[in-house]
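Here subunit A shows up in two complexes: once beside subunit B, once beside subunit C.
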Partner chain A sequence: MEDYKYLFKVVLVGNAGVGKTCLVRKFTQGIFPPGQSATIGVDFMIKTVKVGEDKIKLQIWDTAGQERFRSITQSYYRSAHAIVLVYDVACQPSFDCLPEWLGEIEQYANRKVLKILVGNKVDKEDEREVPERIGKNFADANGFDYFLETSALDATNVDTLFQEVATRLTNDMKLTDERFHNFKSNENRDGNISILDRVLERAKCANCRT
Partner chain B sequence: METNNTETNNENARPVPFIEEVNFLFDHRLDQEKLEKYCFDGRLRDSHIRSVVWRVLLKCLPIKSSEWSEILNRSRNFYGSLKKKLSTNPREDIFNFDPELNNPLSLQAENPWQKYFVDAELRDCINKDVERTFPEMQFFQSEQMRKMMSDILFVYSKQNDQLSYRQGMHEILAPLLFVLYFDHESYAHFKEQSGISDLTNEQRNLLDTINDPRFLEHDAFAMFRQLMMMLEKWYINTDDYGSDNSSIAPLSKDRIGGVPFCKSKNPGPNSELIEKLNMINDVMLREIDPALWRHLNSLEITPQIYGIRWLRLMFGREFPMHDLLFLWDAILADRPQLVLVDYIFIAMLVLIRHLLLCSDYSTCLQYLMRYPPTADIHTFIQFSLHLKSPKKFPKPKNYRLSHFPQITQAGKPHPNHERAQEERHFNNRTSPPKVKTVDNVLNKIGRQALSAHSTPLIRRRYPDSMPASNSIFYTDEPQDDMSEIELMKEQVALLQSRLNEHDLVARVGSRKLLAIADDIDLLGGNAEKQEKLKQEIREIANQLTRNTVSEQWVQNVPTEISSNGLDAVELAREAGTSPLQNNHSLNRHPKSLRKENELLEIHFNPKRKNF
Partner chain C sequence: MKKSPSTNNVFDNEKEEAEVSSSEDIDDPEYLELCERGEIVDKYDKGPDSKDVDPWENPDFELYKVTDRYGFIHKNSPPTDAGKDAKERERKRDQKWYRMVLEWNKRFPVKLKERIWKGVPDKLRSDVWQRLLGSKELKLAAGTNTYRELLMRAKLISKDIKQIDLDINRTYRDNLAFRRRYDVKQRSLFNVLSAYAMYNTEVGYCQGMSQIAALFLLYMDEEEAFWCLHSLMVEKKFTMHGFFVPGFPKLHRFQDHYEKILQKYLPRLKKHFDKFGIPPIYLTKWWFGCFLDRVPFSLALRIWDIFIFQGDSILLAMSYNIMKMHQKTIRKFQMENFMEFIQNGIAQDFGYPSDKVMESLEDCLRRLQSDKMDQPPPPPAGAPSEVPTKPLGPVLSRSMINIEMDIAEIQSRCSRANSLAGTPSMTRHQHSKKSAARTPKMAHSLQSTIEHRLENIHGRNNEWHVNSKKSPSTELGYDKVLPNINNMHIVPSHSKKPHEFGENFNRQKDTTITDNHDESQAMFPRMQRPAEERRSNTLTKI
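Take a look at the complex of A and B:
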C-alpha cells in the first residue's frame, strides 16, 4: 500500500485561459510549458506533499474553462475537498465572471468544501487590471477560506498555494478524526456499536481510496 | 536530366508516384468501396491527394471529378461572401451615419455596435484557443495561420448561433488546414518539377483549381463545416438550452433503479455525448472485454472523465499528428460514418488492458488521460476494424504489443512510470505488486486478501474472465522478472519516438529546401553559381530524408528473439545509446522505417524465464 495519511481531491475552476493547467503543471511537474493546449473536459494529476510528518496525497482535477457542463463537473464538485477558483489578474472579464462560478460552486459543491480564490499571472504586473486589494475584498466578502496571488510563470506562490490547501485540509481532517476517536471510545465503553460508527468508518474508507 | 534525377531520388521513399495517385483519383470507376480500401490500407499516408480524398469522403466534393470545378467555385464564393457579411466594422459603415443608432453607447437594439461588442467577445474566446493550437507544431504558430483559423471558426460560430464556438473545435480544424496546406505545397512543387507533364490539360486545370492556395481558408471552412455536422452533437451541452432540471436526483434514481451496475452518481444521460460514452462503456466494452469493464466500473472510472476529450477531438491528443491523419483516413472512409470511432475507443482501452487491470484508480486515470503512444498505428487501425467487422478484417498479428507505457505522446517519461520507479526505489523491490481494485464495501477484505497472496486480486474475483494459461497479460508474471523486458521496451519506445519525430521534421525540411532550390532560378546573377547552389541544396534535402538509423542495422535485428533474451536487451540498449553514430548509413538506400509500414515486430515471449 502506498503510505500516505490522507488523500484529498482538489478541483480547479475558472474562465478559459486564466492558467489553471499551468498552475497544476508547475506544481506537479515543476515546469511552465511555453505552449499549453486548451483543456478539453477535465484533466487529472497527482502529487504527494508533506504536512508535518504526514504524507498527503493531492488528487488535482483541472477542468476546462468553458465547461459549465453539469453532467461532467457536477461529480467533481461534489466529491471535492477543496475548490480553487482561478482568475487572471491581467484580465478583468475573468474576474467579472467570479460570481457565476461562485453560484456553480454553491449549487453543486459540498457545503464544507474549502474555497480558495487565486489571482494568477502576477508576473504581468504591467498589464494588471485587477488590483490585489479588489481580489482580497471579493474573497472576504464571499466566504472564501483563503486568497492568494500567484504566477505559474515565475513560480510565485504556486507551492504555497497547494501546501496551504494540503495543510488546511489535513488539520480539518485531524480534528474530525480526533472527534471520531473520542466518540468511538465513548461508544465502546457503553459496549454498543452504533450505525453511525459504521457509516463513519465507511466514509473514511471512501476517502482513502485512490 | 538533373531535375528528373532529383525527382526520383526524392520520391524514392514514397510508395506511390503522384501521377498514379492522380489517375486513381480521376478514374471514373472510382467508388466508395475503392476509396475505403485505399484509406484503410494506409495509402494516403504519404500521398499528396489526402486533402482531395477527404473532401470527397466528407461530401464537400462528389466522387465524380467532372463536377468538382463548379462545386468548388460555389463553395468558395459562399464562404467569401459569408465572411464579408459577418466582418462588418461599424466604424467603416459609411451608410449609417445616424448618431442615435450608430454609436457605441446607444442602447437601441439595431445599434451595430451591440453586435460588434458581442462579436469581439466571441473573437476573444476563439483566439485564446487558436493561440494554443498544437503548441509543439511550428506550423500553427504563424500569424497568418492563426488569423485563418480564427476567421474560419468565427464564421462558423456566427453561422451556427446556437452552438457557437466550443473549446475543441479548433483542434478539429487544425488537421484539416494542415493536410490542405501540405497538399498545396507538394502540388506546387510537382508542377515546378514538371512532374505533371503527362497529364491532360483538363486534368491539370482541375488540379490547379483544387490546389489553389488562395482558397486554403475557403476550402478548410467547407471541410470543417461538413465534419462539424457530424461532430456537433458531441459539442452540444444540454445546459446551453437553459433546460435547468432541478429534480435530477429523484428522477435519475427512478430511471436508473432498474438497470443493474449503472452508476447511481450519474444524473442520467443528458447529452448525446454522455449517452454515447455510456453506450460505448456499458454496452460495447462490457460485451467485448467484460473484465476490463468490471475493473473500471469497480474503480468508478466513468468514460466521461477521459472520453470527452477522446471524442470531441477525434483522438487528436491521443496520437501524434502523422498517426492521427491516418486514423482520420479510416474514420472518414468508413461507412456508416463515425461508427468506427466507437470501435477505436474500445480498441484503445482493450490494447492497454494489461496496464489498466493491474492499476489503481490514479494510475488508471493517468494512463487514460495520458494515453501511451501507439507503436504501430497500422496494426491499431486493423485491430479497430477487426473489432467492428471481425469477418471482413482479420485480427492483426501481434496487436497486443502495441503501446509504450513508459512515455507520453510528447516522448517524456510517463507519470505512472516515473512514479513506479520512485516507488520501486523506495521499497527496494521487496513489496508485492501493488494492486488496488476493490470498491468501498470490499475494501477491507481486499486488503487482507492482498497481504495474504501476491496474486492480483482481480483474478480471484473474476476467474472466468482471466485465462490462466497462455495469457500475455503482464500481471501473470512476477514483476521482477519483467524488469529486463521493461527496460528493453523503454529503449525501443524512446528510439521509436525519436525516429518518428526526426522523420517528420526531416521530411518537412527537405520539402521546403527543394522548393527553395527551385526558386533560385528566379534570382538573377551567375547561372553557374546558381546551379551549384541548387545542387548543394538538393543534396542536403536528400540526405535529410534518409534514415537516421542504419538500414543495415535494422535488418540485422532478429525478428525472433528465441534462445538468449539478453541479446535482445543488449541490442536495444545499443540502439538507445548510439543510433546517431552510425553515420555510414547516410549513404545507404533511403527508406524510412515508418514508411515500411511500421516498426519492426519484435516477437518475444514474456513467459520465458531466462529473460
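Take a look at the complex of A and C:
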C-alpha cells in the first residue's frame, strides 16, 4: 500500500470564476492553464505533501461555482476535513456572496471542519475591489481558521495555502491520536474497551447537536 | 438569482465603506446590474480590438504549433487513428454521403443509421445535424424573427450575461475559433447563450451549455446554433432541459439507472467502486456535454453523430461502454488513479481507435435495448419536470419601448441619487478605493448601454445625439425620466479605458473640483454641478 500518514479531504467552494480550478491545478500540476473550462459538477485531484517527516495526502474536491450546482456539491461537505472558501479580490460580488457560502458550510459540513478563507487573483492589484484587511476582518469575525490572499497566475501563496491546510489538519489529527492513545491505555488498564467506544460515540453526537 | 452588491453586514466593521455605500445610493442593485451588463455587452460589440482585454485573456500559444483539422491547437501532433488509406476512404465516403443527402429531400435514407455509426463526414456535419435535430423546423414554427428579437432584449435585460461572459472566457480557448477574446465566434457564442437564456427561462444559462453551443458554432452560424441548442433541450429524444434545469432531475434519474446497469452488466466493477468508495461524480460532466472534453475531440464528434441520431440512450450506453472497455484497467485503480484516468487519461488518449469504440458502443446499446435497459423508468408522478412547463420566450411579449422605459426608470433613479450626492460636502468625501474603482466603470457602461439602445433598437443614425430636443426619448414622451442620458451621449465614446478614468477620478479628489472642466468631469458630472448646468456645459464642448 502507499505510504502516507494521513489522508485529508479538502473541498474548494466559492462563486463561479474566482479561480478554484486554477488554484488546484497550480498546486497539483504546477500549471496555470488560461481558459480552463468551467467545472461541471465536481472534479477530483490529489497531491502528497510533507509535514515534518510525515507524508500527507490531500484529496482535493474542486466544485462548480454556479449557484444551481450547490445541490450537488453540498453532499461533499460532510466528509470534508477542510473547506477552502475562495473569492476573487477583483470581484466585489464574489466577496458579497461569502455569507451565503458560510450558511452552506454551517448547514452541511462537520462542525469541526477547518475553514479557510482565500482571496484569489492578487496579481490583479490594479483592479482590486476587496482590500486585504476587509478579507482578514471577515475571516476573523466569522470563525475562519486561516485567511490568505493568493494568485494562481503568479503562484503567490498557492503552495503555502495547501501546506498550511495539511499542517493544521496533521497537528489536529496528532492531538486527537495522542488523546485517543492516552485514553485507550487508561481503558486497557481497566480492561474495558467498549466504554471507550460509547464515550467517543456520545462525544460525536454532542458535536452534531451543538 | 440572489445577488446583493455590497451587503452592508459584510462591512460591519468598516464604517467608512458602509458610509460610502449608503450616502451615494450607488448600490442600487438594478442600476449596478444594468451597468455591468452594458459593460459586458459593449466589450463583445467592440470585438477583439477592445482595449479591455487582459493580457492573460489571450493565451499565448507560441509554444503550441500543431493545429488539428478541427482547429484545436496542440503542443505535439495530436493522436490520430487515420491509417494509410484513410484519406482515400474518406473521399469515397464523402461522395456516398453527398448522394445520400440529396436523396434525403425526397425520402428518409435507408442507409442513414448504418452510415452514421461510421461517422458523418466533417463537411456534412452542419447539414446532417441540423436535419436530424429538426432545428430549421423549430425556427419556422417559432417565427423567423424570434432569435433577433430575443437577442435585442437579452442585451438589455438578461440576468445571465455575467455568468455567460465568465464561461466564454474559458470555452474552447485552445481552438482557433475561440482563441481571441471577443472575436467573431466568441461574440456568436455570447449571443446564442444570452438569447437562449431569455427563451427557455427555466433553464436560463447553466454551465456546460457553453460547450455545446460552441460545438455547434464550429459547424454553423449563430442562429442555426441557437435552434440546434433548443432542439437538444426540448425535443423528446434528448430533453437536455432535464439535465440543466435547477435541481437536475434527469441527472439523478439517469444516475440511478446507470448504477443499475453497472450492477447488471459489470457487477465486479460495481463491487470495486463500492469497496473503494468511488462515487459517480464524473457523470455530470459526461452527460451535460455528451462526453465533450472527457474523450478526444475526434471521438466526441463520433459520439455526437450517433447521439443526435439516437437520443439520450447514447449517454447511458457510452458510459457503460467506457466502463466495459476499460474495466480491467479500472479494477486496478483506487479513487485517485481512477479519477485521473477518467478526467484526463482517456481525454488525452482513449486507448482504442474511434471505430473500435463505436463498434463496442453499438454492441452496448444493442444489449441495453434487448434487455429494455436503454432508458431509465420515466420520472415518477409529482417529480420535478424535465421539460419546460412555462411558455418559451416570455420576454417577447414585452415591447422594446416598455423595456427601454424600465431601463430609463432605473437610470433616473440613479441620476436623482447623483444630484443628491452632488452637494459640495459630498465632493469632499474621501472615497474608498472600492468606489473609486467602480464608479468609472459604471459611467462607462451606462453610456454604452444607452448607445446600444439607440443603435440596435431604433436603428437610427447618431444625428440626434447632439440635439437633446429631438431625442427618441422625447418623441416617446418620457423625456422627463431621461434628463442625463443625452448628457451621457456626448461623452466621447471609447476614448479611455475604465482604469484611466479611475486615475482621473482619483486625481480629481485632490483638486478644486468646481473649476475643473476637463473630460473626466463629463464622466462624473454628478460630483459638483446640478443637472441643467451640466448639460449646457457638455453641449458647448461638441
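Throughout what follows, the second predicted complex is superposed on the first by the 189 of 210 C-alpha atoms of A that agree within 3 Å, B and C clash if a C-alpha of one lies under 4 Å from a C-alpha of the other, contacts with A are read in each partner's own complex, and residues count from 1 in each chain.
Everything below uses one rule, namely that contacts are C-beta pairs under 8 Å (C-beta built on N, C-alpha and C of every residue); 3 or more make two chains touch, one makes a residue touch a chain.
What you see is a predicted model, and the numbers here were worked out from it, not measured in a lab.
By the touch criterion stated above, A:I46 is placed in contact with subunit B and with subunit C alike.
In the superposition on chain A, A:Q74 makes contact with subunit B only, while subunit C stays out of contact range. Applying the stated contact rule after C-alpha superposition, one finds that A:S37 touches each of subunit B and subunit C. Touch criterion met: A:Q59 reaches subunit B and subunit C at once. Residues 16-17, 34-46, 59, 64, 66-69, 71-72 of subunit A contact both subunit B in one complex and subunit C in the other.
On the subunit C side of its complex with subunit A, the touching residues are 1-7, 9-14, 17, 54, 56-57, 59, 163, 166-167, 169-174, 206-208, 210-211, 246-248, 281-285, 288-289, 293, 335-336, 339-340, 343, 433-434, 437-438, 499.
Listing the residues of subunit B that touch subunit A in their complex gives 125, 128-129, 132-136, 166-168, 170-171, 237-239, 265-267, 269-271, 274, 302, 304-306, 308-309, 312-313, 317, 360-362, 365-366, 369, 415, 423, 434, 436, 440-441, 443-444, 447. Considering their complex, residues 16-17, 34-46, 59, 64, 66-69, 71-72, 92-93, 95-100, 124, 126-131, 134, 137-138, 141, 153 of subunit A touch subunit C.
Looking at the complex, you find that subunit A touches subunit B at residues 1-2, 16-17, 33-46, 59, 64-72, 74-75, 202, 205-206, 208-210.
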